[in-house]
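Here it is, the structure, as structure tokens.
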Amino acid sequence: MSELSRREFLAACAAAGAALKLGPYALDALAAPAGAALSIAHFRSSPQDPAAIADEARRLTREAVNGLGGMGRFVTRGDVVWVKPNIGWNRLPEQAATTNPDVVATVVRLCYEAGAKKVIVSDNSCNAAPASFARSGIQQAAQQAGADCFILDERRYRKSAVNGKTLKSWDVYGDVLGVNKLINVPIVKHHGLCKATLGMKNLMGIVGGERNRFHQDLNNTLADLAVFFRPTLVVMDAVRVLTANGPVGGNLADVKRRDTVAAGTDQVAIDAFGATLLGLKPQEIGYVVEAHSRGLGAMDFESLKPRRVEV
Amino acid sequence: MARSKTAWQVWLRRLSQTLFAALFFYLFLQTVYHPVNQAGRGVDLFFHFDPLVLLSSWIASHQVVAALLLSLITLAVTFLFGRWFCGWICPFGAIHNLLTTGRARNAKRRIAGSEYSRWQKSKYYILFALLVACALGLNLTGWFDPFSFLFRGTALLLYPMLDDATKASFGWVYQADPGVGSFKFTTVTEPVYEVLRRHVLATTQPHFTGTLLIALLFAAALLLNLYRGRFWCRYVCPLGALLGVAGKNPLVQIKRNQEACNNCRLCVADCQGGANPDAAGWKPSECFYCWNCHSACPHDAVTFAIHVPGGEQR
Amino acid sequence: MTNAFFRWIKHFFRPPQPTRLDLSRRGVILGGVAGLGTALLVRSSALGEGRTFSPTLVRPPCSLPEDDFLSRCIRCGECMKVCPTNAVQPALGEGGIAGLWTPVLNMRLGYCEYECDLCAQVCPTQAIRKMTLKEKQQVKIGLAFFDKNRCLPYAFARTCIVCEEHCPTPKKAIWFQEVQVMTPDGTLTTVKQPRIDPSLCTGCGICENKCPIADRRGVYVTSVGESRNPKNQVLLDSSAGAGYY
């Protein structure tokens, strides 16, 4: 499918989908065979050696995705995939402000194994992008895994009709709108305003413009983004979590090991699960409640009978 | 007999100027974030070899950064051999040189514009003023140092303009997406843009305040070359003045063949430094060793040679 | 051989005409007076250490105290080029006439990255001193202040705290107090009102940079509290200097 006709196709789908209130990637996901909605992989031990932690992250990611039926359920041959980790901050991986680079690299590899034609890894960083991409280790890890990891071009945002409750029209990164699949790869962190930043908050890295205004109505703006994007898959990094002074952190004492990676198709459920890793109840997270009330997913993630595996 | 082609020394000098200018702009582009938290290597190289920076820094603050001692090499070379630095190395000088070549064709006018003027002494007074201020703790040499001037002008002015123009042009093609038949121009422009983005362009467009003043001064410095060749180098540059003082009595001096010379003064026409290579009397402090006089002389009467001190003068 | 050497040195100091520099006495005196005058003019200006302080003169971290800074900085612009957030700008009036084109931070255009010391790495004269990254993170370049007339939770009873979100210090220098306020339609709501902890704040400016009130920010950084100037302080227990200067 050429670029142009894909756009036409999407436009037609969007028209149809708008009536059904589906995001741009939801149709592709709907086409995939049904399966488990949430899969949680937990490591039995908590190794300290960096190489062992890297290995743990890789294995947990694979097990979590396998628990959903494998990446082949989401990515098909010839797909162009956008893997969206948290590369927001100029921090080291150990400071748990950005997604674990080994989790990201594994997601990239799984996509290629499932037959993806191209995998893009990028994020609209809050700190200076060259520094954030480098210090987080994600640029190197993603490139080694064969992904196209580049810093976003400030001129390529396109005004898009988000048509949410609060966000009507907003700048979305142009290239994102042209890919087949979107995989959200957040890390679980404390947040001063909304208590926890999880998957839906991570979607802020795909938009541009004055995002600093979202916080005046964070519950609705994040739910709007979640409805608009509807990522194909969410892979949640909880190998390390940031328990205080988030989302930037800095103090290693605020980083705790949870040795967990979760994968899911239900954005609300996986965020609800992530909140529990910080000792919070899903009801305490405003945007989780809002998204649940819009029918985007199930806040009570246990009701989805998540597949749990000990690694 | 009449020399019709340019002397090889002049070609070598031009090559040297090109290479050092390229090095300067390469180091400029390297002055950027490298993973992780590293500025490029050796980006200060030109400043380390700049004796004006060393001298002013030391006089004003009584301390020196060790790396600046490399500039003693520049001073020593100039003391021994003359102001080759200005003619062969200085990138700012090379730019002035480039703009100077676009002047009058008429030899008579060129001679009038190139011969020594006593106003060339002004750079020494400027240097002295700056050093006196340094002695009282105020170091304003940065306003006049050629590397500072050039780096500042490039960083605050030229580079942001170039970055903006490049991104705007390629961005326009990307958005408008024109094509001929089924061929889209973006298939060519996008890969080129990617290369530029990776190696030349800035990650985000830089913006600087108060650039109008810098633009006016930069433009003035460059445009004055149309009035007098290498205006900055002759009349303003305090580094040139410092090197002129150091290079007062160099070992490489002009050698004129009195018999062959017919006083046509063509050697003066292209003299970059205003050093009077003709019978008026060569001024070593003003000579850049550009070899234009040697190249221009139709009678092979002018050249440069090692000069035994106190021995036979020209 | 040695004879020739001494003759050469003699010629250096007493060159024959016309190789002489031939500087006029008047020119030298004028030059000297100009240099002397400018230096004295700057020294006697009110804008100097211990007199008035310019709130907008926020220098890069690890900069020398002002007089030393002005004696070393060659206004080359290397720090301006390398700064990854485009925060370092050429001063116009912030540092007086002498400060023209010296580096100052403009927190609306950029901010000082916490995990970065590139400006100190490139400064050719070390007017910005290279320290370890940990030492640089202890240096204060100023302090942030809230403009409660503009900051959203104070002025409009709206939630925000983007400043607190971005604050990079390991223990955040911005904390918040949950306050019950009245909204325009008469109902009560709880908002988080942010405050600065001046003992933790380094003046990095990311709060000012990210504040959504685009024209005049709800939180802004001024130079007071800068480590390099023991006189430009506000806290009694400020550890200005802290052994770095």
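Chains: A, B and C, in written order; residue numbering restarts at 1 for each.
Just so it is clear, a residue touches a chain if its C-beta (ideal position, glycine included) is under 8 Å from a C-beta of that chain, and two chains touch if they have at least 3 such contacts.
Just so we're clear, the structure is a prediction, and the values are computed from it rather than from any experiment.
Enquirer: Taking each chain's centre as the mean of its C-alpha atoms, which one ends up farthest from the centre of chain C?
Expert: Max centre-to-centre separation from chain C belongs to A.
Enquirer: Which chain has its C-alpha centre closest to the mean of all protein C-alpha atoms shown?
Expert: C
Enquirer: Go ahead and name the chain pair joined by the largest number of contacting C-beta pairs.
Expert: Per chain pair, the contact count peaks at B-C.
Enquirer: Distance-wise, how many Å sit between the C-alpha centres of chain B and chain C, to the nearest whole number?
Expert: About 31 Å separates the centre of chain B from that of chain C.
Enquirer: What is the distance, in whole Å, between the centres of chain A and chain C, each centre taken as the mean of its C-alpha atoms?
Expert: The computed centroid separation for chain A versus chain C comes out at 38 Å.
Enquirer: Could you please state the distance in Å, as a whole number, between where the Cα atoms of chain A are centred and where those of chain B are centred?
Expert: So the centroids are 53 Å from each other.
Enquirer: Could you say which residues in chain B touch two or more other chains, in rising order?
Expert: Expected reply: 32-33, 37, 203-204.
Enquirer: Could you list the positions in chain A whose residues touch two or more of the other chains?
Expert: 128, 130-131, 135
Enquirer: In chain C, what residues contact two or more other chains?
Expert: Correct list: 84, 115-116.
Enquirer: Enumerate the contact residues on chain B facing chain A in the complex.
Expert: Residues 32-33, 35-37, 167, 171, 174, 197, 203-205.
Enquirer: Chain C touches which residues of chain A in the complex?
Expert: 90-91, 126-128, 130-131, 135, 191-193, 210, 212-213, 215-218, 245, 247-251, 254
Enquirer: Quick check on the complex: what are the chain B residues that touch chain C?
Expert: For this pair, the touching residues of chain B are 28, 31-33, 37-39, 43-44, 47-48, 53, 56-57, 60-61, 65, 67-68, 118, 121-122, 124-143, 145, 147-148, 151-152, 155-156, 159, 203-204, 206-211, 213-214, 244-245, 248-249, 251, 276, 280-285, 308-311.
Enquirer: Would you mind writing out the residues of chain C in touch with chain B in their complex?
Expert: Residue positions touching the partner: 3-5, 7-8, 10-12, 15, 17-19, 21-24, 27-28, 30-32, 34-36, 38-40, 42-43, 67-68, 70-78, 80-82, 84, 86, 89-92, 98, 100-101, 106, 109, 115-118, 121-122, 124-126, 133.
Enquirer: Considering only the defined contacts, which chain C positions touch chain A in the complex?
Expert: 84-85, 113-116, 152, 158-162, 164-172, 176, 192, 210-212, 214
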